[in-house]
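Each chain carries a letter (A, B and C) given by its place in the written order, and its residues are counted from 1.
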Amino acid sequence: MMLDIKDLSKSFGGVSAVNHVSIKVEKGEIHGLIGPNGAGKTTLFKLISKVLKPDSGGIGFNGTVVTGLPSYQVARLGIGYVFQDSLLFGSMTLFENMLVCGNTPVNSGLLSLLPLYQKKEERGLKERVREVLKLFNLEAKAEFYPRQLSYGDQRRALIARTLINGASLFLLDEPSAGMNAIEREELSKDILQMRKQGHTIFIIEHNLRLIMGICDTISVLNFGKLIYEGTPKEVANDKGVIEAYIGKQNG
Amino acid sequence: MISQVVNGLMLGSLYALITLGYALVLGILGIFNMAHAEIFMGGAVLGWLMITKWHLSLAFVVPAVMIGGVALGVITEFFCVRRSVRAGSFFVPAATTIGFGLILISLVQNIAGTNPLPISVPFQFTQVQLGNTSFPLVSIIVFFTSLIVLAVLAYYLKGTSLGLATRAVGENPEVSQLLGLNATRIVQITFGISGLIGTLSGLVFGIMAGAAHPHLGEVAGLKGICLVVIGGMGSIPGAVIAAFIGGMAEVMTAIYWEAKYVDGVLWLIMFAILLFRPLGLMGKAEELERLQ
Amino acid sequence: MIEIFLTPLFLDLLGINILFAVSLYIPSACGQYSFGHCGLIGLGAYLSGAMTTLMGLPFPLAMIAGMVISSLAGMLFSAIGLKSKDAYAAIMTLALAQIAVVAFKAIPATGGVMGFLVTPIVKPFMVWIGVLVCLGFTYRLENSRLGRTFEAIKVSNKVSATLGLNTTYFKVLAFGIGGAMAGLAGVFYAHSISWIEPQSFAVWLTVTAFTYVLVGGSETMWGAVGGAVLLTFLLEFVRFATAWRLFIYGILIIVVLNFRPTGLITRENVHSVGRFFTRIGGFVLRRTE
């Protein structure tokens, strides 16, 4: 099992955003996380990527306990978080954006300043960047600046960048926000491609059609609590889930 | 006329050295390191200490001063920046670094006194002939040092992975962390590099001026901020170009206008630039997005 | 010992420092940091001093002129800087201060580098009336809608803008009000200390004021007041160690800002004091019924 969330809780001044949630994400699956607005989905992702510290509970990743680590170490272990406000670095070209990462054999510490050090790894990294860009159909735009790219391209580039960073578990937070139907189709295809390559994807989405179409398992949060978990078909038919989204029927 | 232009270039190269250290931390990371001027002064004082008091040879002094610079830079980061940057506004690190600068000045004042501390080096007064005029050798050294530092820094930022990581952290530390970059360590390294440039520049200045004193950095330090803005935040070459233009402008002001206006000229130029081209000479639009 | 604190000079200085601190507090309540505040105080000082001593104009006129000019200068320079971003507004005020000092040194009529003597018209009680008026004004400001707008902008510029607030207008306004107070402080300074020279308005003055605000407390005006009072007294106590003055200021700034980033007097402190007085007031009222 790739990600083991055990009894995780986080509250902000009395309001419980995440309430004793336990979820297991299996390796190689596309696991969805849905729920009405304010249910605590983004907070959960922030807890996993250590942008926020949990009040209680534990997080295990690939057998390693991750609970106490700072966010950059969690990222190096292989968790890639692509969140809603994520932006590509505007002052760098697309290619340079892809090169920035802390999880590759190319060191970004002091040692990397030694001349000729890691020249081979660097070439390897650049090759890999070109491959991934080709995979995402962004090769032609490698020298563009982010503001010259379409919104859909930018969002896919964000996922591509995390891929190069060597992430094996991807936390995608509403990746299709702001996309049109065609772009969403492309996104679905990209995500399925990633699964084919052996990566694990944990995805928050509001577009139910998208998420039902690609997920193996879906967890449903409401008011910070996990209220249901199952296959897309089971989730679509569960009364509790429908109520959470539409509200209790009166009378 | 030519000698005046050359004088301007010499002054400009001095400003360039000071500004480069500033530009790295201010332009790339967006942090106001007001202690940089005092680190510059520290380089000159270290020069006095090692050359005049301890009679050490230059071959030893130069690396020692560079190491001192790295140390000062790292200390600045640890005490003034690490916790403050998280406080959000750009100003808190500016305030703590002002405080650190005050500490440095008062330490030098109390230990070494307020009188100028002489520095003398064998080649201090050698002149070099160029056509009809002769120029001090030291000024020529300053000129080429500034160009070398510029080239090294520019390559560092564009062509090395650490430089790229530094630009990333400067632009968005949160996302950088999520990409696995240790933002704290990178800021620390950048301060170390900036400190190194600072003390080295101070040493060279001290040799050129023949003396060091506690308040050496103040006037030049503030002008460094001015020049970074004129050149455009985020652009290292821009800062250097601004420094050379600034040097020329000051020399020309002294000759064609009046000497007492010299200190204000750079600020007037900055005023005009912010009025008509807020990006600065070579600033990029994205840089304007940061810092609110 | 107490006699030192009761000299007119000390009382003048204390009042002026408080005024200066509060004048810096107002732009910072809006998230703006005026690096060049010393220039504004210098403008007020030089202009009013020139008007009373060199041109023989009446003091009230000079006082108003000093306040107006400082206010306008603050607004002009910050507005130009704000066209780009907040940090540039701060740098522009720094430019103002530097240009001002050069100008002061350059004008022969006001003595150039040597400075000049201004007729000492102002007595401590005048300074303190000014201080009380400004404190009262600031207190009203803090608790008004304008004050809350300033705070909203300070907390989040982006969000305030999306809520429809013209953030630039408010920031410039803050500089204007702060500038007027700084001008007033300068007017008082010139007419009590009496000898003004360009060097007294150098950057060190801004640093001092910032120490008052940041160490005293940047969340409320009481922080600025408290900081000014604390540091003015502190300076008297360490008269013997003037050589270490810079060192003390530096250490204070670093220690306080690292461990208590909002300063010594926080909003919580002010509220608890407020609650305390309310309770006392209620107690007294009940007893006198």
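We adopt the following convention: contacts are C-beta pairs under 8 Å (C-beta built on N, C-alpha and C of every residue); 3 or more make two chains touch, one makes a residue touch a chain.
These numbers were taken from a predicted model, which means no experiment stands behind them.
Contact topology of the protein chains: linear, an open path with no closing contact.
Counting contacting C-beta pairs between every two chains, the top pair is B-C. Put simply, the chain closest to the centre of the protein, by Cα centroids, is B.
Of all chains, the one whose CA centroid is most distant from that of chain B is A.
Each chain gets one centre point, the mean of its Cα atoms, and the points for chain A and chain B are 41 Å apart.
Remark: chain A and chain C have CA centroids separated by 49 Å (rounded to whole angstrom).
Each chain gets one centre point, the mean of its Cα atoms, and the points for chain B and chain C are 30 Å apart. Touching of two or more other chains is recorded for no residue of chain A. Counting partners per residue, chain B has no residue that reaches two or more other chains. Put simply, chain B touches chain A in their complex at residues 156, 160-162, 164-165, 167-168, 171-172, 174-183, 185-186, 189, 234, 284-287, 289.
Residue ranges on chain A touching chain B, taken from their complex, read 49, 51, 70-73, 75-76, 80-81, 83, 86-87, 89-92, 96, 99-103, 106-110, 112-113, 122, 145, 147, 161-162, 165.
Put simply, chain C touches chain B in their complex at residues 31, 33, 77, 80-81, 83-88, 90-92, 94-95, 98-99, 101-103, 105-106, 157-158, 203, 207, 210, 214, 243-247, 249-254, 257-258, 261. By the touch criterion given at the top, residues 32, 79-80, 83-84, 87, 89-92, 94-96, 98-103, 105-107, 109-110, 218, 222, 225-226, 229, 258, 260-261, 263-264, 267-268, 270-271, 274-275, 278-279, 288, 291-292 of chain B touch chain C in their complex.
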